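Two complexes are shown next, each including chain A; its partner changes from chain B in the first to chain C in the second.
Up next, the complex of A and B:
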């Protein structure tokens, strides 16, 4: 009997993994879809040339491959860390988990200013695949970690109807928790992408350092909305609305910025990392 | 005890396979096929099956679910001999039923509209089905059908060893590759199929239905051989490497379906 139970649990677990709707799949794909809609014709043509696919197709490629031995190092390239002041993004952290921004900076240095033209197509393709994922992960509200020295109160869990639920798990799968787990990318774009040109200009301006500060703010908002021990099955109308607003903003901000990154690269420009450069 | 375990496994695998993902693939194939048809063929398809030309996706399964057309349950399997030539022993075969439906379409003036419409829906369903590797049965190859079990992963994630989980051959080719594209619509898949394989349209649709069936047998055998070489355990890496191959099956089905309907509806 015990054997049956173990087999059943293993099976259910396996199916759960395949059916999971985490930020990693749905939100990543949606972010990439938003970006695809706002590429210049030139950038779209070049992106499709290198990728041989649309942007959303590769949005979760890094998640799909991180289980393979040769790619295990990419498992730590998905999150970032805030500075101790809780305002700035740690742009130079060489330790886990501060790597996603470092790799975006590295990829921009390799591809920007027209340098992509001097690289083999396969290298450009791989960098693009990674960048699609980096920009999505950068904007996920739970992919910014806060130093435990200055933010010990940010280390907590939530609960779902009495069962422990990690803060990370809620925000990774926030679209599904918000009842939008079955939405297609097109539905999200049609219903949610109503961003004004002024707002887009604000999001796409500045340096990566500036973008990092926005991302730190997204992280703080997530902690303000889902506080320690909160039962996510009993959220108030206001809390649900705040949760939806944050998810939407993170996806849209990421999507418009990814479009900007690719439009810039394919018009032979680059994005500055620091304001002091 | 074994029966209980088998029952649980069948129920759970069945649940996974019955998810809507495979229907997304079906609709994507119909979308690309429609876009690849001649204008006249498009008009006739709309005339017979309606404005929503992707609606026939899963039509036979839908009927069976509602207790009708139960005789179609075995039609989706493609039987091949060891030389990868058609080897149907009876009418429960995708190729046999496709050819019968094509005859009705060719002689459509002798049939009423609903019979022609049903024949078109059958061709749409079965051309898609025969390009799903889990529906191909090759003589002499043990377990090349729906009950082939494979391991899915071996490696590490975050320093932890990833589990090797049981998985069925059918689930692998029916729904596994949608795992990371869960919110993809048929139109999104169609877009990707065209970007990836648009330049191979002629190559894929060249030849006869029998040539295509042989081709399907070849790449089923190739995938099976990879599995055998890996002691019937697909590593995660191998599964990922087969994703483009899986997409090519969708593309082949799309362009071949368009070619078939162009030829028979002309």
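Up next, the complex of A and C:
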């Protein structure tokens, strides 16, 4: 019964993403577009060689096909879980939801340090397709779940003009809720991608464990901005600004980190998972 | 009377001409322009204006306004059992394109309106003949019709949901869903990455060769596709490649026709 309920909820949720031009399409595509703009020429050439397409083309592949029986297993690879302390990211969660980081770590282990050269092209291609989506999902403010034991107060809904609206649905489709649902990737890049080299260096430094802590912070900020029962149709100017700032930061951080991941892989390097490695 | 008949035929779907999503058509023309000779680019702008890239789907718009109803027939191609084009009259894309090339070649003796119409044909009918929905194969009679089929809307196994879709509509608009906020420029970049390496191959040959090409592409589809067939998500994904292939072929071939006609 529980399984049926989970599948039903996931299915309805995915339809929402599908229809609302949500993170699944627009934010994922924008993240991938930002990343592509910051690839080294070598990494771009190799990424295009394996993918046979641009990065944004495959940005939502995992969302699009997770309900295909053949790709059923990828359905649970989209979200992460914070540790009970609410500071650290649960790097090893094998529960559904919570697997996205585990799969990013696995993909890096398979491709990094030049190992991608020893794999069949089709395997590299599929790992890249998945990674383009993982890094986007990792940075989506509602794709980090907080343990109910220590964060029971994070389990609530919002509302839209009196109608119940899930917290997840708002943040998944935040670009649309912010009136930017029709923005093209180029428009976003032109208007929003004004990140300083210093900030980029900070985002791209550290281990995946460090990145996880940043992502947990994004999740907390989302709960601070959209509090329990908030009517998103009546947000104040300050609340709207905070919502936009968080979405922008999540997309840009994800985009620059995706570029870093691919630049690292295609220069035969790797990214450490833990600080104490 | 003829207009009434054609209007009725349109309603009945006999000549349901299919364009792609507008942004794909615009992308096809933008990429075509990049691959035109300077002379072709100059002539295109001279007759269609500086905003040439927005000059797509004009036949479709005209038909909606009750004009140029016969243009729905121009957008079709038919192929015989050997995938050779059937060009018995001028009511098909191949004959219309061949005539349009001649008009543009002899533009010095033609009125501006005639040349502009011919250029619209070069753009829009080349796009049309690369749309699966406009290609009829003698071997598969239902390829001429706009049949209904079942498209997966997600779910697993017995719980998988299906939606009833129209085949020709699917081949026009069924592939823009997952790239819904893509600009025409973004599509151009994508086409160059995913199909740029085939440019020379696509541009070579004649209009009739291209029709046979498309027949070879489309034939395997009809080995399984027909009224009430089921289309899985995976198949949908795989056919997106075929759809892009059509857009890329059309784009490079528009350039080839303009280059040839303005030599």
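In this section, the second predicted complex is superposed on the first by the 258 of 277 C-alpha atoms of A that agree within 3 Å, B and C clash if a C-alpha of one lies under 4 Å from a C-alpha of the other, contacts with A are read in each partner's own complex, and residues count from 1 in each chain.
Throughout what follows, a contact is a pair of C-beta atoms (placed from the backbone, for glycine too) under 8 Å apart; a residue touches a chain by one contact, two chains touch by 3 or more.
The structure presented is a predicted model; accordingly, all values stated were derived computationally and were not measured.
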When both partners are placed on the shared chain, which of chain B and chain C touches more of chain A: B
A:199 touches, of chain B and chain C: first, second, both or neither? neither
Which of chain B and chain C A:207 touches, first, second, both or neither: neither
Partner chain(s) touched by A:184 [first = chain B, second = chain C, both, neither]: both
Touching partner for A:160 - first (chain B), second (chain C), both, neither: neither
Common interface positions of chain A, toward chain B and toward chain C: 7, 11, 14-15, 18, 21, 25-26, 29, 33, 48, 52-54, 56-57, 60-61, 64-65, 67-70, 72, 183-186
Parts of chain C lying in touch with chain A, wherever the complex brings them together: 152, 154-157, 159-160, 177-183, 185-186, 189-190, 193-194, 232-234, 237
Of chain A, residues touching chain C in the complex: 7, 11, 14-15, 18, 21, 25-26, 29, 33, 48, 52-54, 56-57, 60-61, 64-65, 67-72, 181-186
Chain B residues within the chain A interface of the complex: 1, 4-5, 8-9, 12, 15-16, 19, 152-158, 162-163, 165-167, 175-176, 179-185, 187-188, 191-192, 195-196, 235-237, 240
Interface residues, chain A side, partner chain B - complex: 3-4, 7-8, 10-15, 18-19, 21, 25-26, 29-30, 33, 48, 51-54, 56-57, 59-61, 63-70, 72, 75, 183-186
